[in-house]
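Pasting the structures in now, so scroll down.
Both of the next two complexes hold chain A, though its partner changes from chain B to chain C.
So, the complex of A and B:
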């Protein structure tokens, strides 16, 4: 009996293995050799699952797309995704699992700043390149800047540097802030206030919001009603906007970097009209004029209106771009540096520090991206979007040069 | 923000309004613990189900008030098999068994909501638009109406406990299930009715709160902690105590948030309860533990 059970299991395993082979071949047409294993530390569940959903969709879809188009250096890509549950301890444990058990070559990291802060150091210890998705500038500044970490999306300092001046000119000089009392919200508040001051504006009160507060009204009621504009880096921006409008605040509202990925803006209905957002990617294809982005939208099943056909929801465009550009960074540097195994990652990093610009192309679809070697931070155009006529449309662009702020470390000297 | 009597009065009024909903949620939690001896970790998830149903009803059928009937009805219907299959076998056992069983329910409900509703938060527009100009800002009219409705339900439940045969049975079982059974009280039926009522009230609270907050699959988690605190401080089995504790907590959170960073305000609001626990260990109104 025990023999036949074992035999059954063995033959079953063999059959499963055989069945899995063609699947790899189909996915990796035109590729050969051992796969390059990319780990993805993603928020599939928990409070940040709204953005994690789009990063997972983008990473899965883009890895499939890359495999169908020659992979990286002719090798197929294997994506291993783990769920952080939007929790620091789980996120770090899952990263260790990716590195130690799954033996990943590279990691696309978490979007949650506290997870990213802890994880980048773990990845650095294990000499595993960590492409952070966090947009808190603090996660790559000063002591948190580590050689094995790069960021191919924007951050709070860059968006404030680029956008604050535009909004001070367009909306008004006096600003009040409602911010989430977490690392990301604090970083957004600090850099926004600096940006407003540098643009000749005045940063009035900033009201902190507990991250899990079910009722925002006590905090909304504390905002300075004499301000010209309200800057909102909070997770539950939907409720904040609803309460601001229903409580008589008529000021212009600016959502902090990448907030349009946190929710489907159509939920706001008429009260969302006129709301601004700061993003790295517009939503509508017509606002991008990019055949490369059109290809990506087509490959992932996204309509020209930015709606994902599979679930009818508005895509988190900036989340998508962050994943695409991180994969673009890996592809460019693996192929150019001659990377073969994880032992070559240090050399890949040294090579990456010599690349100043990633030219517009299939994996940099919205324009050239500048890489600052000192702190491994990328700079790109920032899009100021606005809900106009019930649609999130491009309002203005802050060119990438206007988003560059001074670096406070120099990793090239390490 | 500078202190003014206006600001203080606003925080007090808003604290009282929210306390009505917290009281509604704590009511079921309190009843299940008092009667079945179960710390029902899934109670907040039922509240989330109510809010999600409200979202669907508004977006698919355009009717908010229909949700106030449908959501409690669905929660009540689903609670019957859950009681029979999950909760009933844990009654009389070690409290940890019930805790693990209801925690499992919590995860199942949360992840089912994530799978069906998604991770993106949603908005339910208030069915009553507009607001009343009050203490420097416009206070949403819906909040006042919904709080009045919640208060009416709390009073109705109190009357139900005091004036009906079933209410009498519930009070008997809360005091001594063995004696109640010996006296001919249908204890099993009382257990089932209290589970059904708790689920219906939690779902109704979710519907009423939906236009005041962001609807998300995890919204039940953030309400569970305050609801437990309110039950413990108010006194197990004490409806009035739970409401009083909810009012105190709502006001303390709001007022402290004016002067302290949010985390300290939360800690401060909870710390304020510590002397109460020392001075009134059996609840604010001295109910039996």
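So, the complex of A and C:
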């Protein structure tokens, strides 16, 4: 797949389409026909707006970029973004608006596990493909697995499977966990404990942190001070690290999946030095060696140092990759399955279940992505990052094969 | 004294809501169905505030009790909606009874603070009891063959649930209109206006206030039960303080002294929010400004307009005579 406009215009299909349909609405250069409408159920406000900001930036920028480079199957993309307010009730209502009012063809879903849990069922009822952005394995497991849901991001089980062994070898055998008391945090805790045990380590105490806890100190104080490492899947990771360090905990800290998107790590100052994180994408371009990612950074106005020029903030790299790969999944399957309208979505899903690998390319910029058909879960390399000398840099990579865990459902039989 | 105009206005709005739903498509039908469930919450606040003299900032907790009762009861009673709604009313009434007994002896402002503490405490308890409530993630409504007296009903934000909610609300409003013309309601009003005087006259003011508050709890619980059936997913946010504050805002906009105002307040705020969301994410800010305007220029809410208009008309008539 090429994103060169010249290459696209050379394709006979596009030219023929443009000539034969003179009255069609053209939204962007090199595209023609009715737009493919993609809904984005995003956390623009509320407690998860820090990560929602990056998903919104990525989705808007990438859809513009795609439109400038041939769209999807030669058709332009129209992105409709709604705000969940980080709230289940609003999130589900806004999803219904996307499906019923905006008549979207596909939805890029919420990152919040509670919204994703309720939304995937609604999307499934309306036969609308839902690309979940939640990284809680529980939202796609067992009873929550539905045919119209795919995840092109990593999840709590995959990150633990890939990263736990490396951290046990690197940091030590004994671990304590401070987790957000929601599906995501619980899922991270459970899978981390399994991963640590499988690597010969011991997951000692796990302290549940209510999401509305006004003061973290009583919970931080319960952590096992004799542990070698502290695993942190919490939403207020910045405060947690600051409190841990100021309370005398000197252990190595590992932030759970994609937590570096929750805050600008530079706010930690010296307290953050040595902190690890598990991400699907590094921050610095030099850590990726990917011309495709370089193109994406350029298109979105992100510097080689991972700073977004528009606001001077550190970009949420894993959020960006999740959006890019979800769009890549849609582009690949729409074009390969011959999808024309929403009525073809069931056939698109069946087609997607036959695609085992999405090869490295413009919309899979960091390497091949494996798709497991049984639970519609993608697997990719996991990056272990660390704040070194005031910069988040790549420390190690857990290859995608090491992140694969057993599926507990088989949607292909449905 | 019966407020026949208020009843007619609120029933007309309900009827218009149902008729409108047949014309405006599935999404807006769902929005209206949810609004109807919240109307119960707004009415319950008005009842607690204006008739039991308890400015309850914990009505959403009572509403949530009804919602969770339906979620828990659904599998056990095989989708029998009548029993589920009965369970939600009992749950709401029981929680209100406990709250009422705790705050009844407090002063007006003390009771408000007391119910805030109760709302926060129950929200924290709900978050802690994840196995029971699902915490922040919430719990889904079990997939059952839902039926009302043998008639199959599909749970969800649909016209069937809207009609069910609207019919129950119409019965409630008509029932209130009937009761408000009876002697017992005059006693309730007497207790509300001066509990000490009513006590001296031989009425058990405490029992009357508790009874009204429990009834308001049953109404909130019923609304919560309907909400669970419409949303098919209940999270702990449903019982949070912010939801209680919303119920106060709905009641204030509609008219805090009239239970017929609640439905108007819910529709005005929720529909405005829904429309504004299409242009801006700062909806709460705009709604907040609207409420400031209502507080300044329409302190009696929309229902208060009738009194104001009546006053203007009589002033004009008097001016003509002179």
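Just so we're on the same page, the second predicted complex is superposed on the first by the 387 of 414 C-alpha atoms of A that agree within 3 Å, B and C clash if a C-alpha of one lies under 4 Å from a C-alpha of the other, contacts with A are read in each partner's own complex, and residues count from 1 in each chain.
Convention: a residue touches a chain if its C-beta (ideal position, glycine included) is under 8 Å from a C-beta of that chain, and two chains touch if they have at least 3 such contacts.
Quick caveat, the model's predicted, so the values are computed rather than measured.
S.K.: A:372 contacts which: chain B (first), chain C (second), both, neither?
M.R.: neither
S.K.: Between chain B (first) and chain C (second), which does A:52 come into contact with in this model arrangement: first, second, both, or neither?
M.R.: first
S.K.: Touch check for A:242: first (chain B), second (chain C), both, or neither?
M.R.: The first partner, chain B, only.
S.K.: Scan A:360 for contacts with chain B and chain C and give back first, second, both or neither.
M.R.: Neither: A:360 stays clear of chain B and chain C.
S.K.: Taking the superposition on A as described, I'd like to know which of chain B and chain C A:222 touches: first, second, both or neither.
M.R.: A:222 sits against chain B, while chain C stays out of touch.
S.K.: Looking only at contacts as defined up top, I'd like to know whether chain B or chain C touches more of chain A.
M.R.: When the residues of chain A touched by each partner are counted, B comes out ahead.
S.K.: Is A:83 touching the first partner chain B, the second partner chain C, both, or neither of them?
M.R.: Only chain C; A:83 stays clear of chain B.
S.K.: With both complexes overlaid on chain A, does A:264 touch chain B (first), chain C (second), both or neither?
M.R.: Touch status of A:264: first partner only.
S.K.: So in the superposed three-chain picture, is A:212 touching just chain B, just chain C, both, or none of them (first/second/both/neither)?
M.R.: A:212: touches chain B and chain C.
S.K.: Touching A:117 in the superposition: chain B (first), chain C (second), both, neither?
M.R.: After superposition on chain A, A:117 lies in contact with chain C alone.
S.K.: Can you list the residues of chain A that meet both chain B and chain C?
M.R.: 45, 181, 210, 212
S.K.: Per the contact definition, I'd like the list of chain C residues that touch chain A in the complex.
M.R.: 25-27, 30-31, 34, 123-124, 127-128, 130, 135-138, 140, 157, 231-233, 235, 237-238, 277, 281
S.K.: Where on chain B does chain A make contact in their complex?
M.R.: 1, 7, 10-11, 14, 18, 111, 114, 118-123, 125-126, 131, 133, 136-140, 143, 209, 212-214, 216-219, 221-223, 253-254, 257-258, 261-263, 265-266
S.K.: What residues on chain A touch chain C, complex-wise?
M.R.: 44-45, 82-83, 85, 87-89, 92-94, 96-97, 100-101, 113-114, 117-118, 121, 181-183, 186, 210-212
S.K.: Mind pulling up the chain A residues that touch chain B in the complex?
M.R.: Touch list, chain A to chain B: 45-50, 52-53, 181, 205, 207-210, 212-215, 217-219, 221-222, 225, 236, 238-239, 242-243, 246-248, 262-264, 267-269, 311, 313.
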